[in-house]
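Next up: the structures, one after another.
Same chain, two partners: chain A is paired with chain B first, then with chain C.
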Partner chain A sequence: MGAPYRRRHARRRQAEAAMLAPVNWVEERSGLVGGIRYFLFRNVPSDISWAQTLGSAALTAFIVQAVTGVILAMYYKPDPDKAYESIQFITNELTWGWLVRGMHRWGASVFIILLFLHMGRVFLFGAYKYPRELNWLIGVGLLALGMLEGFTGYLLPWDQTSYWATVVGINIQASGPFVGPFLANVLRGGAEIGSETLARFYAIHMLLIPGGLIGLIGLHLYLVMRLGVTSPPWSRKAAGRKRDPEAETRRQGLVEPRSRRGWRSGR
Partner chain B sequence: MAGQDEGPAGETPGSGQTHSLPGATFLPFGFAIGVALILIGVVVSWPVFWIGCAVAVLFGLLWVADVVRGGRLPAPRPRPAHDDDDGERFGRDKFLEMSTLGIGALIGGAVTAPVVGFAIAPTFIGQGDDDVDLGPIENYPEGEFRVVTFMSKPEQGQVSTRTVFIRNNGFADGTPSFTIISNRCVHLGCPTQPGGPTSADEAVEVETSSGTVRLIPTLPASFVCPCHGGSYDIEGNRTAGPPVRALDRYTFKIADGNLVLGERYSVGTVEGTGASARIAAYDVYDPGQHVDGPTQWMYPLTPNMGR
Partner chain C sequence: MSSLKERRAEFARYKQDVKERGKPFYPHAMFHDTIMALVVVAVIIGLTCIWYFTTSEEPGDAGLLGPRYAEKADPGTISFVPRPDWYFYFLFYLLRIFKWPESVILGTVGIPTILVLLLIALPFVDRRMERRLSRRPIAVIAAALVVASMAVLTWKGATAKENVASEALAEVPQWIEKNKLPAEAEPGAELFAGSGCLNCHVYLGGGAQALGAPDLTDAGAKNRGVEWQIEHLKCPACVNPGSPMPGFAALGDDQLRELAIFLEASKGPGGG
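And then the complex of A and B:
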């Protein structure tokens, strides 16, 4: 009874060691595995809920957009004479083209909606407060870039809707005081929406803004890792490091009603 | 708040938690009110604008002074001695550090300047309108409007398709007169439509040196925009809705008996009609931009001036 078990046990350990060997090889030379473990298996307050997953959901939506966008770029032609036909080809002729384009198209809305929900959660939970103000600002940058992605991507199907929506959108910008006319010209690639505009929007949509988004997402996650996840405002448990008691007293009126101070006295 | 600014000079690093939050102050509100007055003043009246400027500057300065003097900014922490700093720093060391940074900045600038220039400059250069041949003037009967569709830049293809409303006004002082109104709404650039019967089945297509030109007879009582309800009379003056000026017009000339479209220009208002109309003409502006009234100063310089 004991011998077969021991044999099986030994074999399992052998198999585990064989599987882990490459991982250990990488870890020994880079420390990357430990870094990823540190990032993925952080401690979070015990009373968080699904609401705190909205940021990860938005990140997932962004990854879906990036992957489907790269694949769409293999078939899309940013030329005024060919753009519409290439979209029709992707949608109607290519195997699963309708699916990948649909994921990119509807995923765009999902991404923006998740950004707003995530922002609303952070606002309502007060998670933007000290020391996380900088991460809120980075998040505002992410929201702005996400909206710009929506604006530039909308032109690419190059049909009547997207053309006139872009005309109106650029002219809204052009009517902004002082800098509006300049920005509109730069965005259009000239005085009128023409053949330059489509290629320009394509480059902005797939190269310029995604680069900025990826950089800001990196910063955003770094700060989440560094500062940790906030407890909900109704939490009785303290999150994160101990703070300066004097600053704590000063902040009391903002963070929670003074009458609840007793709750936290046991800390 | 007074106790906050005692610097951690004598304390050990780490114990002096100096992140301090600004206490309550009304100065930012004063500043915000000033900015609001500026914005209101730009639209409503200049005195309000200047009062807003004064209020904003006053409260802004007070705010800055308060922040600086009142110790609302955290005191800078004493810089911990660097590990590799424990020895004396030699001049050559510093020189190498600075020259590495300097050369890096130089290389960065040398790469960035042409790239940014390449992305931006071409959008402002050579943006003029080309002349467009719209066919023989016999196709434009006196006193009638035609909806005329053409390509403003034939080498660019369909995307340069433009539409204008043309009316032959007959002769004024012996020279031919045409009213040529751009169909682009000056609210946000949607295509306006003639408010009246349009006979698409009587369309005429004329082959000219600028490609195919399509003429559709119409009897407009107005021009109306489908997007946000902007309305214009048949001289292009705004009559209702959000547009900020009259519809843009084009210059023209007659060459070999053909009507040739010139450059687009923006219009404040038009008084009178037809050949005797008095047109307040401006350089071409984008839709939504004011050309007259106090709000014109929000668009002091538009790109492509003088094209």
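And then the complex of A and C:
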């Protein structure tokens, strides 16, 4: 049994090396593989769980929006004479079109809800405090951009609801002090809401704001990796908590009382 | 307020704790994140299916979650409901509370700006290390108040009464009687009742007030003349600077004149 086994073993090693070759090639030239490995195997506080998934849930919803948005852009026509008809076509005729449009539409609401929930969890955990103030500010920018994305996308179906809501929305903009009227004119692209307006909303909705969102999300996640996520404030094992010196000696020293060990933590 | 030194020391402790006693992101946190991602996608697909399978191709067929689309946009009609997406409902409802012209700006621009400024200021105002909720009463109460008022306003906005054209049309004979409208004001009254005006304006107690728009029961009481009314309807912001009312130039001169005659004839009960 010895020789065939050894031969098979050698063959497997060869296959593995062949498979790893491209990975090593990329790693040698970019360090990306190491980056991914760091991302996957970095430590996070031992007491984090569901509450901290809300950020990645928001990211998931954003990815759904990006994918379905690209597909919609292949069929949607940003022209007042064709927009409504193209939306009808996508919803009623295009194969799976209803699913794509529906996911984009409901995904938007889910995204906004998740942003608020995520922000609420960050607030309750006091996770906006030093040194994460900057990431909170980036988050505020993400929330504002997310809502603007909703506002600009709302006009695109070009039906009565979306049209008149936008008329009122832009008028409100125009009633703002100082830059209000100027901004409203830029959005409208003319005296009336028409083809210029639709083209502008479309460009803002599918290029400008998504670009901004992607950039800010990148920064946001970089800071999350760099600074780490916060333990729940009520956790008895919260990372960074103040130690009372006596418990500290007990931990470093010889006895760790059983009652202090979480049954799940393995430590 | 904790000194910067204390806060730095706390963060150094945090880093050390995570390094020594943390758990690796994969598979532990990754597991939770993946389940959550699946739930998110499932919820989105679920909502889409409920939306699609309870509606038909008919514009405005609301189903359980709302129609696929309303009628095609038409600047020349005025029968519309200016309703934004739900996450703007709280603003939308604020607009009903404030009055034109004194305080509408407060609702449209002031309150959103204040909310954003509060969010930006938060980490700079609250500089203590303390994160336990029981030790942060002010933060918790303020957050609870904001959440509660946003929830109430959103709910109010969602259930706000909308003007129903057929009901308003049935009121027209009463308007004529109560407001002693002359015969030539009747076409304008019907136009007014069947249109979107009553989504922002109140007339003799009917309609819904929004954006702080004035009660039009006595719109003609100032005797500014039919021509003035037409100018205002064509471009409200040209006549009343900063007006958020939409312009109705697309209605065409004849309809605008009918509306204007009706408005000018409305002097309030008792003839004004």
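Here is the rule we go by: the second predicted complex is superposed on the first by the 220 of 267 C-alpha atoms of A that agree within 3 Å, B and C clash if a C-alpha of one lies under 4 Å from a C-alpha of the other, contacts with A are read in each partner's own complex, and residues count from 1 in each chain.
FYI, a residue touches a chain if its C-beta (ideal position, glycine included) is under 8 Å from a C-beta of that chain, and two chains touch if they have at least 3 such contacts.
Given the structure is predicted, the values throughout are model-derived calculations rather than measurements.
A.B. asks: Quick check on the chain A-based superposition: chain B and chain C, clash or fit?
C.D. replies: clash
A.B. asks: On the A-aligned overlay, A:Leu223 touches which partner chain: chain B = first, chain C = second, or both, or neither?
C.D. replies: neither
A.B. asks: Going by the contact rule set out at the top, does A:Asn92 touch chain B (first), chain C (second), both, or neither?
C.D. replies: After superposing on A, A:Asn92 lies in contact with chain C but is clear of chain B.
A.B. asks: In the overlaid three-chain picture, which partner chain does A:Thr161 touch, first (chain B) or second (chain C), both, or neither?
C.D. replies: Once the two structures are laid over each other on A, A:Thr161 reaches chain C alone.
A.B. asks: Please indicate which partner A:Val64 is in contact with in the superposed arrangement: first for chain B, second for chain C, both, or neither.
C.D. replies: Only chain C; A:Val64 stays clear of chain B.
A.B. asks: Is A:Pro233 in contact with chain B, with chain C, with both, or with neither (first, second, both, neither)?
C.D. replies: second
A.B. asks: Residues of chain A touched: more by chain B or chain C?
C.D. replies: Of chain B and chain C, C contacts more residues of chain A.
A.B. asks: Scan A:Ser46 for contacts with chain B and chain C and give back first, second, both or neither.
C.D. replies: A:Ser46: touches chain C, not chain B.
A.B. asks: Could you look at A:Ile172 and tell me whether it touches chain B, chain C, both or neither (first, second, both, neither)?
C.D. replies: Both partners, chain B and chain C.
A.B. asks: Contacts for A:Phe182 in the overlay, against chain B (first) and chain C (second): which applies, first, second, both or neither?
C.D. replies: Touch status of A:Phe182: first partner only.
A.B. asks: Of the two partner chains, chain B (first) and chain C (second), which one does A:Ser195 touch, if any: first, second, both, or neither?
C.D. replies: first
A.B. asks: Flag for me the stretch of chain B that overlaps chain C after superposition; candidates: 7-15, 169-177, 187-195 or 295-303.
C.D. replies: Only 187-195 shows clashing C-alpha atoms.
A.B. asks: Enumerate the residues of chain A that count as touching chain B in its complex and touching chain C in the other.
C.D. replies: Overlap of chain B and chain C footprints on chain A: residues 80, 130-131, 164, 167-168, 171-172, 174-175, 177, 180, 192-194.
A.B. asks: Quick one: in the complex, what on chain B touches chain A?
C.D. replies: Result: residues 3, 17, 19-21, 23, 42, 119-120, 122-124, 127, 152-153, 156-160, 187-191, 227, 284-289, 298-304, 307 of chain B touch chain A.
A.B. asks: Using the touch definition from the top, list the residues of chain A that touch chain B in their complex.
C.D. replies: Going by the criterion above, the answer is residues 80-81, 130-131, 164, 167-168, 170-172, 174-175, 177-178, 180-182, 184-186, 188-196, 198, 243-244, 246-247, 250-251.
A.B. asks: Going by the contact rule set out above, which residues of chain C touch chain A in the complex?
C.D. replies: Residues of chain C touching chain A: 4, 7-8, 10-11, 13-15, 17-19, 21-26, 28-30, 32-33, 35-37, 39-41, 43-45, 47-49, 51-52, 57, 59, 65, 68-75, 77, 80-88, 95, 104-105, 108-109, 116, 119-120, 122-124, 126-133, 136, 139, 143, 147, 196, 211, 237, 242-247, 249-250.
A.B. asks: Across the complex, what residues on chain A touch chain C?
C.D. replies: Its residues touching chain C are 39-46, 48-50, 52-54, 56-57, 60-61, 64, 80, 84, 87-88, 91-92, 98-99, 102-103, 105-110, 112, 114, 120, 123-133, 136-137, 140, 143-144, 147, 150-151, 154, 157-165, 167-169, 171-172, 174-177, 180, 192-194, 228, 230, 233-234, 237, 239-242, 267.
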